[in-house]
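For reference, the structures are reproduced in the following blocks.
Below, subunit A partners subunit B and then partners subunit C, in two separate complexes.
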Partner chain A sequence: MSRLARWRTPIAFAMLILVVLWVGQNGYRQDLAILMVTYGLISLGLYSHYIMGNSMSVAYNAYVAIGGYALGVLCVRTDLSMFLALPIGIVISAAVAVLLGLTTYKLSGFYLAAVTLLFGEAFAAWLVDSTGITGGASGVTLTRGLTLFGSEVTRQHLVIAALVTLFLAAWGLDRLRTSPFGIALRAKGDAPRAVESSGVSTRALTLVSLGIGAGLGAVAGWYFAAVNLSMLPESVPLSVAFVALFIPFLGGYRSPWGAVVGAVVVTELTFNLTWFQDTGTLAFAIAVLVVLIFARRGLLGLLGDVLAWAVRLIRRDGPLHKEGRDHVQPSA
Partner chain B sequence: MSSPALSCQGLHKAYGGVRAVHGVSFHVSRGEVVGLVGPNGAGKSTVVDLISGEQPADTGTVKVADRVLSGTAARRAKRAKLARTFQYPQVAHELTALENVLIGAYATTFSGPLSFASTIVRGLVDPRAERLRRRAEEMAGSLSLSDLDRPASELTLGQLRLLEAARALSQDPEVVLLDEPFAGLDGDGIQGLSRAIRTMADAGCAVLLVDHNIDIVVSLVDRVVLMADGEVRFDGDPAECMASEEMKEVYFGDD
Partner chain C sequence: MPIELVVPTLETGCFFGLIALALFMVKESAALFNFAVGGLAVVGGMASSAITVGHGLPLVLGVLAAVAFGVALGLCIEVLVVAPLVKPGGGEDHHVVMALVAGLFALQQIAGVAFGKSALPGATWMKGDVLDVGKFVVSAQALIEIAVTLGLFVAIGMLLRGTRLGRQFRSIGDNTQAATMLGMPVRRIRLLAFASSGLLAGLAGALFANRAGVAFTSALQFTLFGFLAFVIGGAANVWGPLAGGIGLAFLQAFAIYYFGPAALTYVTFAVAALFFALRPEGIFVKRVRA
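Up next, the complex of A and B:
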């Protein structure tokens, strides 16, 4: 484990606390935070099956919508606790992803991406057409607030919970990545025959990773709807999945924390740099290209390289090294 | 030696009009190392693929411990405790050498849908799975495979073969299929792998060894199955095989 990798979780935890303090009760910062969490969770979802398992499924607008609409529909049509919508959304999303994965199992690469893209587009159309369930083009508006054990859950609470969820999702994926499941999943992309011949079903690995990804998408949708008190068909357009697809590459694809770093950068670029907003995703694409060309391991990789360089520099000029160098000076 | 651990009966495989394997039958007993030899195109690797489930046989059966094997390679590997290596090493180049070996050790934790779920949960709690990691490290060490933290993409062909062998052995198999494991190995590698194969066989494992290097095979195996043109030409003692007419015919022609 590298020096930086060992400190990833404590650094991320410290960052989480700082972000929570920074967000506070400021509505604009809460908007930024929830957008970052949405991007982050979608990117982590993609990370679980695309970066780790080499299976590209881009129907994230559908998975996020399922999470958001599960909350909206449960709120409007039932008296049940709105927290129930979270597991319901996760299960439905994961089931849809697994079903989609089963039907497209023989497909891979571009073809799998194309089919899931088509599904995402069809799902978006269905959201608008199914007025009886989804409220059609006007979507669903939450008619009551969230309560937990009789206490009201405020927007600030939700944003903090969303940030903690993002932290936990990245932490969990980071652990899964080096676990038996993660190693088998990562090997599947490069050496599926080896994995199969070892007795691990590559199909099962693919489906489970797709399910994990879709589940994370649903969580993002739930938070998005809970914080914004509504869910519309255009809340999470298909293009979000494409932006999210590149976020791990921007942040650093060798660790799920890279997806979080990428999400922070994209959110900041989208909201605070107006030139970026004006020129749309083209500027983002250029930024990703620049990173991929000059820092192929993403921003985290670049940071790791800079730290390693700095450590080498300090050691070279440090007193210990000078002493050592004096000892090996040739006598001539 | 006791009852056959692995037996093949009347295996046939054709690709269009080309007959790759034709009526191949043989067995490997527990604790036995059997060499499957023959010239290029004899059908040896196809037989290994048919046994492991990489390819379906047109006709014929494969049994492990009297149980007919069917289904995917993963299913066969899991149910029959079958492990294999490949003629062209199949390794995940992005992973380290140790992680590649670990795939074999970890495979034992994926034995069904429930264990799949529990493997994920346990992975969250204890991602390093120290016990299995130590086992993989020991296995790699026994094959003189060093630099385990290096990415597999930086390994030589010989090291990749050892890595595949270590992965297969980490599965704690009862039947092992080794497809040209000695190709590209240096002297130390050959010695280490030979020792590991013998140790496995002594522990009761059935080993089917496919290799071009007749000298190594004959020095290592208990029995030889000679193949040519998709058929078995000889099945018996290595020394008898070397002296047989079939061997001369297959390798040197009728003249």
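Up next, the complex of A and C:
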């Protein structure tokens, strides 16, 4: 394990505390944070099956919408606790992902990406069409606030919970990556026949990883709707799923924390970049290309290289090394 | 389906066919899918519209700009994106695929920044009707679009089948590693393939922009529909992409006519899922003598 890898979780935890303190009660910062969490959870979802398992399934606008609409529909049509919408959304989106995975099991690469993107587009059209369920083009607006044990859950509470969820999801995937399941999943991505011949079902691995990804997408949708108090067909367009595809590569695909780093960068570039109007997404696109061509391990990989170089530099020029060097030098 | 819808559907099919042909050129010679074609078509269409409709300059300048942008950006993609990543033996690597998809995304954003975020209306190449028999009307513009598409398919078919350059294209695409060992100009052919892909996509964008205007956000959809047309038609010969494009356009037109506009996305998804799963090699398949 590299020096940076050992410190990733404590550094991420420290960053989480700093971000929570920075967001505070500022509405604009809360918007930034929730956008970052949405991108982050979608990217982590993609990480679970695309980066680890080489299944380029990208219908994330559908999974996020399912999570958001589950909350909206439950709020408007029932008196049940709105927290129930979270497991309901996760189960429905995972079921949709598994069904889509079963029908597209034989596909890989851009063939799979194309079909799942078209599914995402068809799902977006269905959201507008199904006025009776989704409210059609007007979407659903939350008519009551979230409560937990009788206390009101404020926007700030939700944003903090969303940030903690993002941290836990990245930490969980980091653990999963090195677990027997994660190792089998990664091996499936590289050599599916070898995994199949060792008695592990590659189909089951793919479907489980797709379900995990879709579940994370639904969680993102739930938070998005809960914080914004509404869910519309255009809340999470297909372009978001398309953008999210690049986030793990930008941040660094060798660790789920890379997806979080990428989500921070894309939020900063597409939402908060004010130095040159309207070019944030272009800057992101160029950054992705530069990283893919010149720094294939992403920003985290680049940071690791810089740290390793700095450590080498300190060791070479540091006092201990100088003493050692003086010690072995022959006396004049 | 009413007869008056046949010609507009054929026009759409020609557009899909040209985008699929742009994919075919690179797939045939470099064993890669140039997913950036949608972005090249958008840049071509928007550049042509900005010059002709926006600045009132002659049509020929708009078309030339679309083609020049297409060729230049196609070459840029090869030099800046593909060449640093592709392995000596060729073929599709995970990173090359992602880089080409990122290229599509970058071109889309470049078009948005350079030509604006609103859809631009395309220029009409020629006004008036050529044929008017009852409900069956063929506009001069439609005739030009179909004629230019057919002309390009015939020219590229002849180039690939009947010339030494064409044989080099096909042999490198079939086995890049063997072609490299035989000393064939692999890099030069790949550059030519990306340039021709850019030319076709840019021209397609300029030619068909007048139908519904062109917006920078259309790039992904252009690539998806072109890719679908390519898969439906197959890569057996140069006519596969055109057959795939026309087939896809008629399926979409049927769906919209009988089931409403939303059916477009449902039918496109169903067609993609069925073809990719059951017949990923397409309708026309390469026959090899045993």
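Definition applied: the second predicted complex is superposed on the first by the 318 of 332 C-alpha atoms of A that agree within 3 Å, B and C clash if a C-alpha of one lies under 4 Å from a C-alpha of the other, contacts with A are read in each partner's own complex, and residues count from 1 in each chain.
Keep in mind that, in the parts below, a residue touches a chain if its C-beta (ideal position, glycine included) is under 8 Å from a C-beta of that chain, and two chains touch if they have at least 3 such contacts.
All figures in this text were calculated on a predicted structure; none of them were measured in a lab.
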Room on subunit A for both subunit B and subunit C (clash or fit): fit
Which superposed partner A:246 touches (first subunit B, second subunit C, both, neither): second
Touched partner set for A:132, first subunit B, second subunit C, both or neither: neither
Which superposed partner A:292 touches (first subunit B, second subunit C, both, neither): second
Which of subunit B and subunit C A:121 touches, first, second, both or neither: second
Subunit B, subunit C and vertex subunit A (Cα centres) - angle in steps of 10°: 80
Partner chain(s) touched by A:150 [first = subunit B, second = subunit C, both, neither]: neither
Comparing the two partners subunit B and subunit C, which touches a greater set of residues in subunit A: C
CA minimum distance (subunit B, subunit C), superposed complexes, angstrom: 11
Subunit C-touching residues of subunit A, taken from the complex the two chains share: 54, 103-104, 106-107, 109-115, 117-119, 121-122, 124-126, 128-129, 238-239, 242-243, 245-246, 249, 278-279, 281-282, 284-286, 288-289, 292-293, 296
Complex interface listing, subunit A residues touching subunit B: 172, 175-184, 186-187, 189-191, 193-202, 204, 208
Footprint of subunit A on subunit C - complex, ascending: 33, 35, 80-81, 84-85, 92, 94-95, 97-99, 101-103, 105-106, 108-110, 112-113, 117, 217, 220, 224, 227-228, 231, 262, 264-266, 268-269, 272-273, 276-277, 280
Complex contact set, residues of subunit B against subunit A: 52, 54, 72-75, 77-78, 83-84, 86, 90-95, 99-100, 102-104, 106-111, 113, 116, 119-120, 122-124, 126-129, 132, 164, 167-168, 171
